[in-house]
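Shared between the two complexes below is chain A, which pairs with chain B and chain C, respectively.
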Partner chain A sequence: MAENFNRNTNVSANDLARLSQEAEAEATPSSARIVWDEFKADKPAMVALVIVVGFILFVMIASLFINTPKMMQTNIMAYFDRPGTDGMWLGADSAGRSVAKQLIVGSRNSIGIAIGLTVISSTFGICWGLISGYFNGYIDWGMQRVYDFMMMLPMTMMIIVLVTIIPHYNAITLTLIFSIFYWEGTSRLIRSRTLAESEKDYVAASKTSGTSNFKIIFREIMPNISSLIIVDTTLSFAENIGVETGLSYLGFGLPTQTPSLGTMIANANDPNNITQYWWTWLPAALEIIILCLSISYIGQVIRRAADASQRQGAGD
Partner chain B sequence: MWKTILRRVLIMIPEVIILSILVFLLAKAMPGDPFTGSINPKADPAQIHHLMKINGLYDPWYQQYWNWVVHLFHGNLGNSYQYQEPVTRLISSRAANTLWLALLTMVLTYALALPMGVFAGRHEGKLPDTVIRVYTYVTYCIPFFVILVIGIWIFGYVLGWFPTTGSISADATSGFKSIWSRAYHILLPAILGALFSTVNIVQYLRSEVIDAKRSDYVRTARSKGVPNKDVYRHHIFRNSLLPIAAFAGYSITGLLNGSIFTETVFSYPGMGLLFVNSISYRDYTVITALVLIYGILNLLGTLLSDIILSIVDPRIRIE
Partner chain C sequence: MSLVEIKNLKVHYPIRSGFWNRITDEVPAVDGISFNIEAGETYGLVGESGSGKSTTGKSVVGLEKVTSGQILYNGHDITRRNNRRKLDYNHDVQMIFQDSLSSLNPRKRIEDIIAEPLRNFEHLSKQDEKLRVLQLLDIVGLDADALYKYPHQFSGGQRQRIGVARAVATNPKLIIADEPVSALDLSVQAQVLNFMKKIQRDFGISYLFISHDLGVVRHMCTNLAIMNRGRLVEIGTCDDIYNHPLHIYTKRLLAAIPRTDVSQRAAHRASRLAVEEIYREQQDKYYDDNGRAYPLVAVSPTHQVALPPDIAQQLAHQESEADV
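The block that comes next holds the complex of A and B.
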């Protein structure tokens, strides 16, 4: 193309190179670049990112070196050890098990379930919202009725009932049960954006030229609302940490021999534990708070990056 | 207008029917049977078999469902196996506790959220707005049960300002004293619940106020000399009041879901705690009744909100 260009005009090759360089510099930067600039401009966001990524990597790797069945064994000699004694940084619980080690394995389990739940429920919610928003008429009407019905169900109760019905549940079945109930928020958001998007000219043009519906939905509309999808997924990840831990706290989440942040906080149900042996539950509670705040702060930053009028990084 | 409401109510009917079938089947799918635990441990298996038979537990599920529905319409939800009393009486004694807690939480939520929303919108972009935004952001993303646990630890145990269990203290028997004792017991959970559920109202009100500030009617009011304070109180606030009222219906759903956690943390004898206990004792009749009641309350909450919204905004009425 450059050769053609040269032949027909009197712009020298040097000028052309300079011009294209300028054009590149002025062009809109890639979205990954924008998000990264946004993080660089916002110091607390950088801290949040380091905390979340560093912490997740740490628990994933550190839990590989911990022998869970051995860790969960009762050790009566270490009954409610205070933090710092017997080589246990965070003390021990009523069965003499190290709180620090439980915290690491528990975080791995809870974060793992939250990630799985986010992936499954967001994928389903996105597809549901896209299809429901794109096809007006009967399909949308039917899907909306299903949505209404799901919204009516008392979520926590239904999850608890399902957990008691399934005989040998584990982390995977638990994640699937949660996923049945946690796609609605995403689907509603995506549907309303898809409704607006499918009235735009490019969709009409694509329809006229005979593109299949499937291709329009997933190759044309979805990329156009991808920033919304990314923001929503990040924010629902923060929320989903609360889902499993909450149910485990009530005693209907992970089985008691599998440590989770929720079961650790459940130590606080005992009036003695909550004041005297605060180290058995407080670290887990603080960890959840810090994680959730950091993750949703990251979500806020990505949302800002997606909206050009709010950006702080790489201004003008 | 009436058409919209009628249409919404008609759609509700199949929803309730499907919910009742679902709840019934889930209860049937739960392991165990209602008699093995409740009678003498040395009972003859044949006797249990006989009890199952005369209670119709071997009938096909649709017949059992039909019997259950007929009883339901007679106000008979069966007996609780754990407490050995009619489910309707058991639940109605607990329901009042849950509803008082929900009501106080809602009142406090509005009392906190309305001034904050208007204030944030009025001082858009300035320090108060930033402070309120940070507050809503923090309260939005922390899981509620963690807040409850930390709240009861600090204010209930360490500082000792509030009671930590129950709905009424033992020595408060009559009159004013018992009312005060009840109120005192729900105060901490209600405050915590209110502090952490203002997000939606504050954000909505804030953006409404920001929009209204630039609208023509506010400019007219200003130019004819209405004081700034009255512009906010009588013009802007009035206008956004109804949509805000619509949030009340939706927040019922949130409060009911939250009641399971609140009541467990505070050992508060309401419907949520009853549900958690019934699950541990496999008290099926109570479980089915509670799930059904919560589902119908959710539905009524959404209906209420939708009706208010369709009064406010004619565009969403169905023709």
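The block that comes next holds the complex of A and C.
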């Protein structure tokens, strides 16, 4: 059979190296390269990227040097210290605990939970959506009924109930509990795109080429909805920072001895704090706003990079 | 024995609705058709859009779940997935799609696209695989530069060549060509058709050539089937269909072939209107009470038409008299 091909063309094994080299020279840039070019062309996006990556690295590393139990001890002498006094840059709260240190450890906790939640719920939601959309039949029908059931549950209330009845929980169990309820949005979005994508002829061509369903789903269809996946994941990361923060603010998130952005913002519950002791809650609030804005800005740039017609960086 | 024998093939799409997703209705996209494809020939399947041609083609490559009937490939019924797997069926039967852009994965380089069937069916070494891809590119008239490019960097005609290269990669026995040139410019159409013919000669491939345009099929096919609303209305050799059409639907398709000679325009228009007039008046003669085409009856060893036997004989008689 190989002879059959050799007979009908002039290309032979001798040309292989030369032709591959020629082709290499004409090759198109990789998608990672395109995204990077897009960031370089958009200065504010670059700033946002540096802020987010730099900040996350900073709190992850700096928190290693902070002894949390010691930091959380009450120190009556430092009661509501103003920023700058007693060597505390951002002052102290009602228990005399350093706001700056709490901010670092709290950010690590909140961001860590948000990252964990995003990884777990997005991975699950993406797989669920891809499989449900691709198989489109009884499998899809069954998976959609599970989805409908999950959507019916009052999410926040369920989380509060679970957190209340589970006796000992920590950041990891909390992340897992959140994950049960946060994959649905992603799965529905991915499913609808997968339905449309599965209709395209390249999927049929892969089937007639003998490729397995599993490979078609993850190696053919998934790369084609990767821009949607990336944008959805960045946006849900921004959103997920708010999930833990919101519940901790209400008092149903991390245990009280574990600082988080939510517990710090909860300082604003006291009208005195809002006006007089603004340093107890303002830094955490500002941090959340800046982080969320930066992350969604980054998401937009990636979406632009994925959509060839909107690129600002060098074209292909 | 023919390469492929299609026996009373039916594909009915279920329409589901309601909470329990029950089947509430059906679309009979293909409604009991039979024909045979011989090794090495090009078999034409022609009909207006929506008549079920693509569904037939997809059933033959194994992309569509068949409702009933048989498709025999070298005597094996390949409507069952198990049989297809056992035979490595798609090693031998491949497909070229109408929409060249949608049929190539936009995220994959041409090398990976063409090598896909090779990786699954032939397990060549990296070197041999790349060589085969380069040879295939050469056969369809593309440069080696194409190797690491993406589909959107090519024109429609070039993309269709890539689609052909992928289909030929495993040296199949049969290729289903579903309107392979309908989306291309006229000049490019001729090029693509010509090298499809060349490849057929060089590799001894059979085509099931699907088209909505009898004009395109004329130079490709030895045998033809005319399809209308999921049924075959006429089967015959090229000569039978083009020179002695019996069914009114075939005559309409023939009248609809676009002509290029301007001087004859008025005459063509008149003949098209005449056929249209007959179609309107005599429709109930050509279709049964439910608007379905009749079962096929033979009027000659090669020629079959979907009409009640007496009318078929009468028309065939008239036709041969008009000939003399």
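FYI, the second predicted complex is superposed on the first by the 284 of 316 C-alpha atoms of A that agree within 3 Å, B and C clash if a C-alpha of one lies under 4 Å from a C-alpha of the other, contacts with A are read in each partner's own complex, and residues count from 1 in each chain.
Going forward, a contact is a pair of C-beta atoms (placed from the backbone, for glycine too) under 8 Å apart; a residue touches a chain by one contact, two chains touch by 3 or more.
Just so you know, these numbers come straight off a predicted model, no measurement behind them.
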item	value
Chain B versus chain C as contact partner of A:V47, first or second or both or neither	neither
Partner chain in contact with A:L57 - chain B first, chain C second, else both or neither	neither
Chain B versus chain C as contact partner of A:A238, first or second or both or neither	first
A:I139 touches, of chain B and chain C: first, second, both or neither?	neither
Touching partner for A:I274 - first (chain B), second (chain C), both, neither	first
Residue numbers on chain C that touch chain A, as the complex places them	21, 58, 61-63, 88, 90-91, 93-95, 97-99, 102-109, 111, 116-117, 120-121, 127-128, 130-132, 134-139, 144-150, 153, 163, 166, 171, 202-203
Contact footprint of chain A on chain B as seen in their complex	11, 15, 18-19, 26-27, 29-31, 137-138, 140-146, 149-150, 152-153, 157-158, 164, 253, 256-257, 260-261, 264-265, 275-276, 279-280, 282, 287, 290-291, 294-295, 298-299, 302
Partner chain B, residues of chain A touching it in the complex	145, 148-149, 151-158, 160-162, 164-165, 167, 235, 238-239, 241-242, 245-246, 249-252, 265, 268-269, 271, 274-275, 278, 281-282, 285, 288-289, 292-293, 295-297, 300
Touching residues (chain side chain A, partner chain C) in the complex	1-2, 4-13, 15-16, 19-20, 22-24, 26-28, 141, 200-202, 204-211, 220, 223-224, 226
